[in-house]
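Consider the two complexes below, in which chain A is the common component and chain B and chain C are the respective partners.
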Partner chain A sequence: MTDVLMAILVAGFTSGALYALATVGLSLVWGSMGMLNMAHAAMLTLGGYVAFTVITSLGLPVAIGFAGAIVAGALAGAILYFAIVRNLLQNDKSTFEANVMIATVGIGIALENAILLTYGGQPLKQPVSIAGALRLGPLTLPWQNLLIIAVVVVMMVVVSAALGRTRMGRAIRATAQNRDAAQLMGVAVNRVYLQVLMLSGALAGICGVMVSSMTQLSPPLGNDPMLKAFIMCVVAGLGNLPGAIAAALGLALLESFVQYALGARWGFPSLLFVVIAVLIWRPSGLFGHAEIRRM
Partner chain B sequence: MTGAAAKPPVLQLDGIVCGYDGLDVLKGISLTVHAGEFITVVGPNGHGKSTLLKTISGLVPLRGGQISIDGRRLSGKPHETAMLGVAHVPQGDMLFAQMSVLENLLMGGYLAPDKAEITRRLDEVYALLPKLADRRNQIASSLSGGERRMVGIGRGLMMGGRILLIDEPSLGLAPLIIDQVYDVISQLSKAGRTILLVEENPARVEDLADRLHLLDDGAIVWSGKPAELMARDELLATYLGG
Partner chain C sequence: MTETRPMSRSSMSRSARTDLAISLMLIAAAIALPFLVDSRYILGQIVLALFYATIASQWNLLFGFSGIFSLAQMAIFAFGGYATAMLCFYFGWNVWAALVPGALGAVLFSLVVGLACLRLTGVYVALLTLAIAQTMYLLIVTDTECFVMVGSVCRQFTGGAVGFARFGDLGTRALLRAQWLVGNYAIIAVLFALTMVFTYAIVKSPIGLAFRALKDNPGYAVARGVNRFQAQLLVFGISAFFTGLAGGFYAAHFQAIGPGVLSMSQLMFIIAIVVVGGVGTFWGPLVGTVVLVLADELMRESGEFRTLGLGLIIALSVVLMPKGLVGRFGDVIDWLGRRRASPDSKPAASSIVQSPTPAGK
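Coming up: the complex of A and B.
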């Protein structure tokens, strides 16, 4: 029984780590820009394929593959900003949220099809994998799962430090909380939006490498993590980063337990059930809270 | 402010026109603020006082006329205006609600050249507003109205700007708190800060302001010393409800 419980926990934490990485990127963009980036899934896929190309086709080390995925994701974020977001921001602000969502759906479809044309539709094996497992007494912890959890923890620490302790991070948080006030302080909010999209793209890129290392590379690779990341964003409260991480881990563990207890096909419906329940009982999310104002 | 008018102006507005949608709110405002002066624009609600400050800081786009800081024409972009030394303390404070008091103040120092300068400004703000030092780790949204106003002023001071724009500092506060806020503003003025303040009640600035401009329906209808306005019952009755 302990073996089974441990297997569920390891699977849950691994999925949770991957979901958290996808969720943080999505939530960061929503929280600071009010933008639901529907191209996030394709950016995640792009990262996976770039790492594959760097490692397999160019024969470079795995670390360079990771770096390539990060750079490709960040560049995709920058291109998205210059090609779409910057122009939409110059138009009527009240229509930005809807317009950018539709525009990024188109970008996502275009990018996914570009990948399909370039690499074909057949699944490819991501060469970022470590065989074997760490054995601690009766416990068996696969190295691949440990690698994913370790990479995600490192990324979360880096993002937290960047947002919490740097001038850039403070400007991002300030812009998210009050755009006009941030501008009055001298923050160039357009530059902040560019930084946020690049950071989110970099996270998506590395997430794509990690997800494909557990499954296989295919053009729709990012769709499932993106859908689940969106569910986790809603459950946590859109734009709430610590909440998004907690929701990702909690829901992934729930999914793993439900899959074990009721069968794999019930995993995703259980997440949908949770998100519907949250939307009914706490529409602002589990970690969303009303602003306190005293006069 | 003796001799202030002889100095070159810090802020100069030449016939500025601006508004929202199809409506012009400001209809050709011209005024000048010299270094060290305390200028106040008074007027009834809804006649363009806040819009005036928002236009100077770039939050509301200019439709006509021009605004200069130290002789340099403003681009109309808020962050570039801040770089030229315009520190705006907006109405309603506009704090970063989920940040601590300290983080709000540090955002004021966003454009400061180095850490030493930020520390110097922070010490200055804490010396003027010691309560902020006690509250430095408190989240801004949990502060009282008076405390939020003080953070707003402190954040403006952290910008170290050439001119401080203060929008209705008494709005929504209890009389005792208003006195405290104006005591701080008085200290800033005595320390030589250049201030452009908008206020509905001229009595609040009677002993502080060097000059008053009376704003009505988007135009300046009278300018002069505070005591002169307070002696003009017909102006007070016509424009400020007595």
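Coming up: the complex of A and C.
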């Protein structure tokens, strides 16, 4: 019984860590720019495939593969900014929210399809993986899961340090709180947007490598974690980073319990029911507070 | 919006006359079409395009006119189709008898979805409806439990990954023999025309104004006594009726329905149609359907680049023409009109100055 429970907990914490990474990437962009990046899933996939190419095809060490995924994600974020976001920001602000969502849906489809055309649809094996497990008495902890949790914790520390301690982080938080005021205080808001998209792209790249190391590389790789990250964002309230992490962990644990008890098929539907129940009780999310917006 | 107010009477009737002229031309074209088109393939694609246009017009009613960013449109369409197919398959109903119950089932489903989602606003609605649509897809595809045995084959309750087939058709095959496709074309064209007429009536009616007010300025609309939740639930249900009805006809026309209609690419195609045509314009979905189905046919030559091209078309048209083709066309007309009327531009200027006063009416 304890090893079953342990296995469920390990699986839950691992996927929770992955979801948290995906959710934070989304939430960061939403919180600072009011933009929902539907191309985030494709950026995840991109990171996984870039790491694969660097390590397998070019034969470079794993660390460089990681770096490649980070750089590719950040670049994708930058391209997204220059090609789409910068242009849409010039239009009417009230239409930005919906327009940017539709545009990034288009970019996401195009990117996923470009990956499909380049690498083919057959699943590939992500070389970033460690075999074996850590044995602590009766407990068996696979190294792979420990690696994922460690990487995610490190990334969270890096992100919170970048947001809390650096000049860039202060500019991002100022823009998130009040874009106009930040701009009047001399914050280059456009540069902040570029930085946020690059940061979130880099997070997506790492997340893609980690997700694919648990399963396999395939073009729709990012869609499943993204869909779950979406509803986690809804539960936590978009733009709330600590809330996003807590919701990701809680829902992932719930998911792995349900999957064990009722079968894998009911994992996602049960999450959805919980989310809807939460929203009926608290429409602005568990940790969000009712927003008073000037219409 | 407000600056057109003072000249509203004359411009309203002019726009109504334009709409009437366009519809009459379209009806004439629709009647002439089967005599002009010989190829079965082309006629089949036109029928498919009419389905897309119907679904897109209803998504436009939701998103373009009422500001509800629902991504459950294909789920509601599929629900109507599945309900019709299952009534015929399990109870042996005639397809024609099952169409309206199927559509009503879709309305019921949409009200449940609406009750869960419409307390939220903006992107939260989009995320939650997307999650619901994906859940429906996953539950259907992974359904493996035997519900009935058909011959020696096990059938799942939802049809599983295969879906339903051979549950009846619209009766045109028995009636028109070789010309059955023309018969189906006529039926679907009438469905599309009725949908457009009802949509027009809704958009121009007082309740349609309430929907638009909620989209343009929710705070002001609510302050004027519009109940946001009720009004949005109502438009959700109305659009679900036509969407579900289209789903039933779709299942009947193809004599099959499967989980494929729930796929992301189908949803994206509908969104692309509305975005390219013009969000919140009455003729936008039709224009978008024509353009995108043509583009799709052209890209069929290049086969594998189809989805890639579609994605780029969506992104580019949002960036380059936020109001779609219809909006761009309107800009061109305005520009021409202003050029012609440049000597006496006084009325236009005074109308803008006057605008704040009657806006509260």
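Following the convention adopted for this analysis, the second predicted complex is superposed on the first by the 289 of 295 C-alpha atoms of A that agree within 3 Å, B and C clash if a C-alpha of one lies under 4 Å from a C-alpha of the other, contacts with A are read in each partner's own complex, and residues count from 1 in each chain.
Just so it is clear, contacts are C-beta pairs under 8 Å (C-beta built on N, C-alpha and C of every residue); 3 or more make two chains touch, one makes a residue touch a chain.
Just so it is clear, the model here is predicted, and its values are computed rather than measured.
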First (chain B), second (chain C), both or neither touched by A:L227: second
Which superposed partner A:L58 touches (first chain B, second chain C, both, neither): neither
Touched partner set for A:I109, first chain B, second chain C, both or neither: second
First, second, both or neither for A:L134, with chain B first and chain C second: neither
Partner chain in contact with A:N91 - chain B first, chain C second, else both or neither: second
Which of chain B and chain C A:A161 touches, first, second, both or neither: neither
Chain touching more of chain A, residue-wise (chain B, chain C): C
Overlapping contact positions on chain A, where the chain C interface meets the chain B interface: 293-295
Residue numbers on chain C that touch chain A, as the complex places them: 63, 69, 116, 119-120, 122-124, 126-128, 130-132, 134-135, 138-139, 142, 217-220, 264-265, 268, 271-272, 275, 304-305, 307-308, 310-316, 318-319, 322
Complex interface listing, chain A residues touching chain B: 167, 170-171, 173-174, 177-178, 180-189, 291-295
Parts of chain A lying in touch with chain C, wherever the complex brings them together: 30, 36, 83-84, 87-88, 91-92, 95, 97-111, 113-114, 117, 223, 227, 230-231, 233-234, 238, 265, 268-269, 272, 275-276, 279-280, 283, 293-295
Residue numbers on chain B that touch chain A, as the complex places them: 57-59, 78-79, 82-83, 88, 90, 94-99, 103, 106-108, 110-111, 141-145, 155, 159, 172
